[in-house]
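In the two assemblies presented below, chain A is common to both, partnered first by chain B and then by chain C.
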Partner chain A sequence: MDHLTRLENKSIYIIREAYYQFKDIAMLWSVGKDSTTLLWLCRKAFFGRIPFPIIHIDTGYKYPEMYQFRDEIAKTWKLNLLIGRNEEKLKQGMGPDQGSKLDCCTELKTNALKQLMKAHRLKAILLGIRRDEHGIRAKERYFSPRDALFQWDYENQPAELWDQYQSTVEEEEHFRIHPILHYTEFDVWDYVKRERLPIVPLYFSKEGKRFRSLGCVPCCAPIDSNARTIDEIVEEIRESKTSERSGRAQDKENIYTMQKLRALGYM
Partner chain B sequence: MLERQNYLPGLVLRKSAMKNDSEKRKALIIGLDGVPYSLLNAYLEQGVMPRLRKILDQGLGLHPMNASIPDVSSVSWTSFATGVNPGEHGIYGFVDLNPRDYSLYFPNSRDIHAPPFWEILGKTDQRTSTLGDAYRKKVQAPCRSIIFNLPHTYPAVPIHGILVSGFVAIDLKKAVFPDSAYSYLKSFNYQIDVEAETIRKDKKQFLNELFECFEMRKKAIDHFFLHEPWDLFLACITETDRLHHFFFDAAMDRAHPFHEEFIEFYGALDDWLNMMFEEFMKMSRGKGLFMVLSDHGFAPIKKEVYINPFLRKAGFLELNSEGQFFQKLGRGTRAFNLDPCRIYVNYEEVYGRGTVRKEEGPALLKEIREALNTLRGEGNEEVIDSIYLREEIYRGPRMDQAPDMVCLPKPGYDLKGGIDRKEIFGQNIFTGMHTRHDAFCILPGDYGWTEKPSIDQLASPVLQYFTR
Partner chain C sequence: MMGKYKETDMLQEERALPIVIVGHVDHGKSTLIGRLLYDTGCLPPDKYSEIQKSSEMLGKIVEFAFVMDCLEEERSRGITIDTTQTFFKTSKRRYVIIDAPGHKEFLKNMITGSSQAEAALLIIDSFEGIRDQTRRHAYLLSLLGLKQVCVLLNKIDLVHYSREKFAELKVEIAAFLNPLNVHPTFILPMSAIHGDNVARPSEKLHWFDGPTVLQALDMLHELKIEEKPLRFPIQDSYRIKGKKILVGRIESGRLAAGEDLFLLPEKKKVTVQSIEKFPEKEVTAAHVEESVGIRLKGRTQAARGQILTGDRSSIISDRLRANIFWMEHRTHQMGEPLLFRCVTQEVPCRIENIFKKFDPASMELIQEEATSISGAEVADVQIRLDRPVVVDPFNDIPEMGRFVLEKEGRPVGGGIIL
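Take a look at the complex of A and B:
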């Protein structure tokens, strides 16, 4: 069995196991390459027809290409698409310039998801995070409990030894399941290439720039690149030495640290 | 017979604990962030701190002390806690760069490469250092510590006792060990630090919040101090540093609109220090080790001085129009500066876009030193006080991460990186700046210092006390 097939098999096993354990489950789709890969794996796991809803959290700040891609794919793949928006905060004008970037993420992403999960009584969500994305995610498990406050107590989580996944849930908790945790950025692109997956065109180079990681418009920047096709991207990633998220604004804790330091005159 | 005893460590331990019970050693260390020796002296003379005066009259010495270089809290407190030079513990500032792509890196407690004294005394140290090696074998029964609000201890690691991290702690849950202590702090919404942004909107409100934060801090400290068992208690007050950053001009100026509040704060501090001292003396039957210290001094600011624009104008640094912070350093950059004045050569073998060969370093640093020495401030006065090469001040296995050169300013000139600034001189909302020479320590007895001690020498008295 080749490397990609082994990765795929493991993901499909986890997806089916998760669905078997939690009927109140959904998948979070950011429209980016990782969660689109996960979406594809979910289709494969259930032979083309995904038996649970797909959630897209719309912060109102995504690129037009992302909305267009979302709607096209939802239609062709016949997805039960749920869109989560924190309407109240959006009406109040919440954005990265109002308050901090951290507040903006908390309101428009975390709280929007919280509201949606509550409204649909969801007990578990599938996410397309990968272990190599950044430091703190290295501690993630395939099945990862969150408490009622959406907080992840990474020191207090069940061990996953010899692929025995811990998938029981306490009241008031929800589970996060990470079926592609074991993929690297390179694996994802290699898999996109093999499966000929559709991806948002922003990933391809235009005038010497392309996006390596997608998020909201104010917090994303393209990288220098001439990769115009999937093959060229795969080659670029193989050679790449800088970090994938270098075009993204700093992670939440770093943003907050920076704010605190700046308020006291550092930097 | 002796051998058999070794198989019953619990029994032996209990026996020695019983024996020591009547003469159990206790230490209370209070950290006052950014309190200058000179100000404390002035306030003692002026009668602003009568209770501290009384404490000192009981045989404790108040000494001037040097902070670490650079004189920022993360470096200074880490030097105190580990008792070793930055070259050994590896912390040189609040911000470092990832050499590969010049992105910002925020060092935290995990980046400290030497054990703090409470880990040595608690026998939980998992790192080694010269000080740790010297004392490890001398520690008999593990000593239980409560470390409260000490800067640069985030995220909190398990210790023998309780640890509540101070600045820059972000998530309270990750700032506290063990969980039970977190539950207590969470129960009254304990705040790690005052929100410094408030000052930009409303000075009065900021001061109110600062006093509230001080009250909350004291409440939490009192709780652990009185209700938890401990041998060593270390608590830091952050509010002094915040007060000084924004109101240091009010310290001695009776006409200043916030002079009264400034004095009121020191009065409240005086009360609290006295309460802690008396309670501690009762607990330790007058025999405990009582110590108070600051991590740096403060001086009024005349001007902020931005070193990166200076380096750019002098032709040592080039900026591209795109990128964030140091990611916009251009190909022509030979050196850059991190806060406060840590100069790094853009060495080819270290940095992703490095341009300087190793052998060119000394000549380049000489050139930069000469340029820096030409900096002049108000009335043509000198800005730079002293310049040190890495080898002159740092020693230890982490020297390769040290800045190539560090400058200390004349009082009044606050040196900063200022990568986003265009001009060399500027003004901000701050009225006070850190100083290295004007920190203080209060402790009993004579430690044989022939010259002014520096903060990294203060860990030894604590270790000596518990192991003598």
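Take a look at the complex of A and C:
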């Protein structure tokens, strides 16, 4: 069995395990390459038709190409798409220039997600995070319990061994499930290439620049690159010496921002 | 250095070999990992400067251990809390390196890390020698079934790169590991802080003619999956376009359309009608580690927890003799309810006999015919299950011979079937 096939089969096992343990489950889809990969793996796990809702948290600050991609894929893959927006804060003009970037992420991402999960009584969500993305993500388990306040008690995580995942939840808790935790950035691109997955065109180079990681318009910067095709991106990542999230502003504000966001339940 | 090598297509096909680094607290696990990433060119420059920045904030010199200990709290306390994984590559292959914490209370995290590894680096401070955690980790490695172990004698600089000291430690280590049935592939001197004998041989260790850490890693083998009888635990049952599909992962052996199988524990004979995978059509065979769907001929009732097998060699029993390790502080009294989880089987159970238990740190027998077990102890026990389960001896089919014990919904222990 080759490397990508091995990664894929492990993910499918985890997705099916999650669905067996939780019927009130949904998947969080940012429309980026990682969660689109996860979306495809969910289709594989359920023979084409995903039996739970797909959540897109819309901060209102995403690129037009991202909205367009979202709507096209949702239609072709017949997704049950739920869109989460913190309407109240958006009306009040919340943005990255109002207070800190952390506040903006907390309101438009974390709280939007909280509201949606509450409204749909979700007990578990699937996320496309990977261990190699950022030091803090390396701390994650495949099944990661969160308390009522969405907090992550990273010091007191349940043991996870031999593919046995803890799934007991208290009334106010929920689980984050990470089926592609074991992929690297390179693996994702290599898999996108092998499976010929559709991706947002912003990842491809235009006038010497492309996005390596996608987020909101004000907090996301493209990198210098001439990679115009998936093959060229795969080659570029293979040679790359900088880390993936180097263009993401929320990681820069303070060295612990990512940790705080994670502990608060988004990211 | 490694970064200069052009990866070949062959390398891409190879999977990353999962390695765990264990040992006593402060013997240098995280530092070694930081050093490995840096020396193989796998530490991105912006990560390096981030680490530099936080080292300065905390008033330390650049600390390689920060690569792994990314959490704020860990940085300020200077210890590793949780299992962390990262990736690096040599010219030979890619590695997933699992960092396991050294403090006693984080034992369950060390077990989580080690259970995912195929080989272990046991790191020992040359100045301090074998300590409690060294013993406990070595014992757990043997209990988790890890056969490939390299012993790294770190901080060799603190004993002035002494050849005599190294020889002395080597004898001591063999005497301690061999009774555990752990036979180290290599025992080598090195210094993670200074980089001696990690990626490059060191002048200061001119008397040492063995491999560097990287060379030793490259000489480890990937576990070979031998031809074994089929074990297909049913994970779930779906109805897709009117058809009933049983899904699961092949834990050993292979599966073919049209094949006759046994459905355990009921010992019913069934036939595979088809193998289902999306988006593929007409799948005729599936192999070990594949997550697939299958349809059975006729009106067979089958559900999660049952096992499809190619032969009748499995153990089917409601009483199991096993070696277990306990991961929780709270004392567990024999007879209190537990949940036995092995592949997709989940069955309530109780420990009905603790023949003997001991503390792996001291290697001393604590008690024979005990009535309770608690944190960091290991024991030889008999488990009584509410209904029969299907298992195999750990040495025959590891996936079917290891289990997790849950108490009140939390994993509290694990074990292997003898």
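We adopt the following convention: the second predicted complex is superposed on the first by the 251 of 267 C-alpha atoms of A that agree within 3 Å, B and C clash if a C-alpha of one lies under 4 Å from a C-alpha of the other, contacts with A are read in each partner's own complex, and residues count from 1 in each chain.
As a convention for this text, a residue touches a chain if its C-beta (ideal position, glycine included) is under 8 Å from a C-beta of that chain, and two chains touch if they have at least 3 such contacts.
Worth saying up front: this structure is predicted, and the values here are computed from it rather than measured.
Greater residue coverage of chain A by touch, when chain B is weighed against chain C, goes to C. When the shared chain is aligned, no partner comes close enough to touch A:Q21: not chain B, not chain C. With both structures placed on the common chain, the touch criterion links A:Q115 to neither chain B nor chain C.
Look at A:R6: by the touch rule set out above, it reaches chain C but stays clear of chain B. On chain A, the surface touched by chain B in one complex and the surface touched by chain C in the other have residues 241-243, 246, 256, 259 in common.
Taken together, the chain A residues at the contact with chain B in this complex read 151, 153, 241-243, 246, 250, 253-254, 256-261, 263-267. Taken in their complex, chain B has these residues touching chain A: 72, 94-95, 100-101, 103-104, 106, 167-168, 170-171, 173, 193, 195-197, 242, 245, 304, 325, 327, 339, 352, 414, 416-417, 419, 428, 430. Remark: chain C residues 3, 7, 12-16, 41, 44-47, 50, 53-54, 57, 67-68, 70-73, 81-87, 96, 108-109, 111-112, 115-116, 235-236, 238, 240, 245, 247, 249, 276-279, 287-291, 293, 304, 327, 341, 343, 399, 402-404, 406, 408-411, 414 touch chain A in the complex. By the touch rule above, chain A contacts chain C in their complex via residues 1-3, 5-6, 9-10, 12-13, 16-17, 19-20, 43-49, 131-132, 134-136, 138-139, 141, 154-155, 157-164, 166, 168, 182, 184, 190, 238, 240-243, 246, 255-256, 259.
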